[in-house]
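If you scroll down you'll find the structure; I have some questions about it.
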Amino acid sequence: AEPIKIGSVLSVTGPAAFLGDPELKTMQMYIEELNKKGGVLGRQLQLVHYDDGSDANKANGFAKRLIDDDKVDILIGGTTTGSTMSMVPLAQKANIPFISLAGAVIIIEPVKSWVFKMAHTDRMAAEKVFEDMQKRGISKVALLSETSGFGNSGKKETEGVAAKYGITLVANETYGPKDTDASPQLTKIKNTAGVQAVFVFGLGQGPAIVTKNYKQLGIKLPLYHSHGVASEEFIKLAGPSAEGVRFPAAALLVADKLPANDPQKPVVTAYAKAFKDKWKTDVSTFGGHAYDGLMLMADAMTRAKSTDKAKVRDAIEATKGYIGTGGKVNMSATDHMGLDLSSFRLLEVKNGDWTLVQ
Amino acid sequence: MLRVSSMESCYGRIKALKGISLEVRRGETVALVGANGAGKTTFLRTLSGVQPMSAGSIHFDGEDISRLRSDMRMRRGICQSPEGRQVFGPLSIDDNLRLGAYTQPKHQVEGDLEKVFAMFPILKEKRKLPAGTLSGGQQQMLAIGRALMGRPKMLLLDEPSMGLAPLLVEEVFNVVKTLKAQGMTILLVEQNAFAALAIADRGYVLETGNVTLTGTGQELISNEQVRAAYLGM
Amino acid sequence: MALLEVKQLSIQFGGVKAVQNVSFSIEPGIVYAVIGPNGAGKTTLFNLITGVYTPTSGSILLDGESIGGKPPNELARRGVARTFQNLQICMNMSALENVMVGAHLRLDRNPLKAALRFPSIKRRDAELREESAELMRFVGLEKYIEARADSMPYGALKRLEIARALALKPRIIFLDEPAAGLNPKETIEVDELVRKVADSGVTVVLVEHDMKMVMNLSDRILVLDYGKKLTEGTGDEVRKNPDVIAAYLGTHA
Amino acid sequence: MKKNAYVGLYIVIAILLVLPFVLPNSFYVDLAIRMAINAVIVLGLNLLIGFAGQISMGHAGFLGIGAYASAVLPTHFGWHPLLAMGAGAVATGLLAALVARPIFKLKGHYLAMATLGLGIIINIVLRTEAALTGGPDGMPVPALGLLGFELSSDKHWYWVVALLLSVSVWASLNLIDSPFGRALRALHGSEVASQVAGVDVVRYKVSIFVISAVFASLMGSVTAHYVGFVTPNFADFFHSIELVTMVVIGGMASVYGSLVGAVLLTALPQALATFEGWETVAFGTILMICMIFMPRGLVPTLAAKFGKGA
Amino acid sequence: MAQFLQFLFSGMTVGATYALAALGFTLIYNASNVINFAQGEFIMLGGMLAVFFTQAGLPLPIALVLAILVPAIVGVVLEKLAIEPVKGAETVTLIIITIGASLVIRGLIQVWLGKGTHSLPAFSGDVPIEILGATLMPQSLWVLGVTGLVVVALWYFFSRTLHGKAMLATSFNRLAAELVGINTSWVLFMSFAMSAALGAVGGILVTPITLTSYDVGIMLGLKGFVAAVVGGLGNGLGAVLGGLLVGILEAMGAGYISSAYKDAIPFVLILFMLFFMPRGLFGGKSTDRV
């Protein structure tokens, strides 16, 4: 039979390569694996992938190519929110299911009939962090966000939910994704009266530099990050400065530390092991989103017993209780992500390793 | 000392030299005359190795230097004062002259500098100024001085009197005469054909990339064709 | 009234006083020569009058109107044209186009009309092409009408500059060493050329080291030395002036 | 400029007429549209860089202004898209005119750096004013209606853009072979010479800068409507460099070179997309090889080789 | 006061990395008038290779020597293969070539060493030095110190030695340089080797502060170019001051005005400065005459 064509546009190079790279690796690895097991619906899977270089305009062009020229059956990808959003109108127009791996809430709010997303939202990250702050009695927070799409959207959501947790943002600074120093911003925050904790919303090496600067400047306040630091690389880069940093992340990152009865345990340990064995690099939760997207698709197609686009879409929307690396997914007509706050775990760096904050 | 046989050189697809053969003996002064575009400048540049030669050969001091890089030719003693002066504008006059002696041993440089300054006092006066601010004629002096700093065995002068005041034209021709008397070999391209031929032992007439006439300086001066075409008489 | 009047003109570069308190005036229709040793300030004087440099002090009057410090394009508008001692040729264009640029001010320069290919513009351009070719023949460059500027020998480029300056239809033209790099025969050609230009009513101001040409052509001569005016007069007066002989001419002329 | 310069125009038109009927699917139509849009921008930029010899490394900034005018004004203020497009062009023109005078005091690398800075500033503003522009993630752009009928299908877009391109080529050819165009080329060759000939050098530099900026802005608007989504990448430094590269690869001061450059460099990333990790290396290598063997650009070098006018 | 000082230190540290990049530009520009947009990649190579060789288990001194030597060779290869063949081409052509080269270098490193970010341990530990309430990292002193040394060395070379003058002469007038017997190919060769090595040294020095990955060269190259132009192209001291100026403006901008616009602030000020100093802080006056 004809192979099932999976079209994907990922940011494998450029500023968001940090996310896109493990996503692509995961897709390649698991498509191979699925094919070894006989594929889906008895058909082999074929990945058609293009790298948008973290440029949303390119993503738009490639999405068109996937739909019109490659004639793929489904779209998985859009590493960044920008890329995703530039592809959304095309998917909607072409009536093709589209599973995004990006984070921002706007992807699924308002709901777009053909668009789903796997990653936790930035709003959830902010809420998870604020929840913990609330527990510790922190109410005055300084926000330091990155001027990338990720950080910018995170900033907006953070500002939006702060009040709900009784938190005021007494400082609101930004740094650039390629900055090599954030001491001026941190100095300013340090000298702001009343700050009780600092929340950094960024991705990749930026947060590591911020964390180092934080230590250098001798700031003693609790430091929170977003789920954007959820990879081993962060600890390596920030070194001892990372001690005590807290951030929300999917279960994947602490696969071996999960209690044995955690429903996600088998999924995440298997994925983490497979990924490390195959690529000899550490896992990141972003690769996990690709895994979830792919498996969800396979699941939906199996349930739909067809690759018919409308049927697959309906099947995805009907997903209930699917356990992925990101958590338990319960989709519905009004919720195209299907994750709740419980799917996020709060981690803390202790002795150069993650620990679960209970 | 110098033997050039059937030299050819092209700019793109246009052949500017079409097989020039010429000889200069040790201690001789040879003048090259010809109308605009005859190829005099091209010839000198090809000799110095800054313009590619597409055919022919150059022998200097018995050695085939046709394939030699320009700086190696300079080291063999071929120095040129180029057309259009080509001074190093932002560098001082002093530095320009010192660079003229780039291939020479250090100890002789100060002495040579003084010789050039004696020849063109104005250069000494302005020695710390950037060469680019000099007037046209002053730059011409600098170009000649720079070539002399290289202690040439054979000096190539491309229109050395261009833009010089009458007094200095005389001076430059006197310099050429003196150098000649000191035994230097000189290849002189001049529009001031009369003066050039007058001090030259021999001359060549170039026309659109070919040598059309040759003879001693006096012969050429008295040649009717030359008088009509180049001397305006 | 004098066409051009220069009063107490000076300019200084750092410590170098290149032109100092120079005054003179030029009557319309004559050939006026400026001579002097190398570095006397002749080119600088041209640069001042044609607006390339701004004077440190002094005034320049064209038709009684002050033009000191006005940009060159403004002066071109008033009929001032020039050539350069250090060639200024547009090497990215053909020889003919170089000449056509000289006629810039006499054309309709509206970009919109040009982009829409108004017939009037096209017609005028075709005429100008003819006119410019004619000018090239006039300066003896018939051989190079089709040539690219960057493939022309030095001497030809000198004349191309003259053609370009003439294309402006100037009232006064400044020639900086037009005969440099030309052999005696070619110099005579340029000599005749300048004569023809002057005869057509254009005032010519000439810097030249070829004394034969200067004496032949000029109605009046200004002699500069070290940026200062040494003397001014007719050819004969200047030739016999002992200061001029000592500073410039030598025994030779 | 020879008479046969216009022959190329007829060939271009002929190709544009035939193309939609031979392209296998709408992806290729899409590619053709993007090529044509880039070609128009590059034509304008080549007037500035190739003909007038003034480099701009910030032109994507102007493109960005146009694109965002078309996105922001209709979305947030309910403007008609055509009005927004016009407003973007006017704003770009004003901005370009405002900065041009001081900027064009600069030469060479100093000019390059100033224009680069200008582009970066524009980009940062678009990135930062997230409330209006959607920030780094960009924002959707409403569809463009023309005389009551909405441009939605690729074919419609194709014909619009093809017409724009043909007109632009024609106008560029006309312009460079006019007194205005000659003055531009002359000031490239020698500023004082052209000034002495009466060319108001500053004014010409400013005019062509403004013209090319407005071109870029308009085409930015067109792209925005066509793609339906804008991001600050429209205006970023790399895009500026990409545009300059198109000019140089195709051939400076060559109208048809602009087309060739735009077509090649729009197609190349698509062609290399399947190289998986090696795209950057391949792209860089191709750039270098082109420039090393054809330093004057494709069209002028080939034209010189086969003895035709450029 | 402490706050101001902190901004200043921070700006100087960042600025010194820009300055090191700018010095590389200066060196090549002075020999060839070429702006080498691949300069940033040499910096990247220095850092990445130092990380790679130390991780590969080589002893530190050998790792560092290799991390400097390899980029130097890359620089020389670039010059021989890509710059030498197109001598006399237009500036933009050369710019595009060096951009192409930077893509190739970056791409190869990406394929070879991956996209990860890496760090090197600081040379003299991580204990910040306190000065009047502000802190400065010892590594910053390394960067500043080496930058200072390089400037002095370059100044001496270009203004006091004949070989330095010969290099300048080559950039001003290649034809005349050849006529006075300068081997211009060798001059270009050396300039690329030196600036690549210099870039690599810079890369090694700044990695403990800035971290490194295959794509850090883009930003450093860009900022280095800006710094070199601000200082006045071709002037070593200018390059350093330009770098420090950009760095300090960014830090002050982030601290006092708006961190969102901190990258734009230096550009705005620089544009203003260029209007009054069209050839940068120390750019020589034009000596062209007509």
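A, B, C, D and E are the chain letters, set down in written order, and residue numbers restart from 1 in every chain.
Keep in mind that, in the parts below, contacts are C-beta pairs under 8 Å (C-beta built on N, C-alpha and C of every residue); 3 or more make two chains touch, one makes a residue touch a chain.
The shown structure was predicted, so the numbers you read here are calculated from the model rather than taken from an experiment.
The set of chains in contact with subunit B as well as subunit E comprises C. Between subunit A and subunit E, the least number of touching-chain steps is 1. When chain centres are set by their Cα atoms, the one at the greatest distance from subunit C is A. Here A-D and C-D are compared, and the pair linked by more C-beta contacts is C-D. Each chain gets one centre point, the mean of its Cα atoms, and the points for subunit C and subunit D are 41 Å apart.
Between subunit B and subunit D the centroid-to-centroid distance comes to 49 Å (mean Cα coordinates, whole Å). If you average the Cα atoms of subunit B and of subunit C, the two centres end up 29 Å apart. In subunit C, 43, 52, 84-86, 88 are the positions where the chain touches two or more neighbouring chains simultaneously. Shared interface positions of subunit B, i.e. residues touching 2 or more other chains, are given as 133.
Shown for subunit D are the residues in touch with two or more other chains, namely 128, 192, 277, 279-280. Inter-chain contacts, as defined above, occur between A-D, A-E, B-C, B-E, C-D, C-E, D-E. Within the complex formed with subunit E, the residues of subunit C that make contact are 43, 47, 52, 84-86, 88. On the subunit D side of its complex with subunit E, the touching residues are 49, 55, 99, 102-103, 105-110, 112-114, 116-118, 120-121, 124-125, 128, 192, 237, 241, 244-245, 247-249, 252, 277-288, 291-292, 295-296. Within the complex formed with subunit D, the residues of subunit E that make contact are 35, 81-82, 85-86, 89-93, 95-97, 99-108, 110-111, 222, 225-226, 229-230, 233, 260-261, 263-264, 267-268, 270-271, 274-275, 278-280, 283, 290. Across the complex, subunit A meets subunit D through its residues 12-13, 49-51, 55-58, 60-62, 64-65, 67-69, 80-82, 85-86, 89, 104, 106, 147-149, 152-153, 156. The residues of subunit B lying in touch with subunit C in their complex are 11, 14, 33, 35-38, 41, 83-84, 122, 129, 133-138, 140-141, 159, 162-170, 191-194, 228-233.
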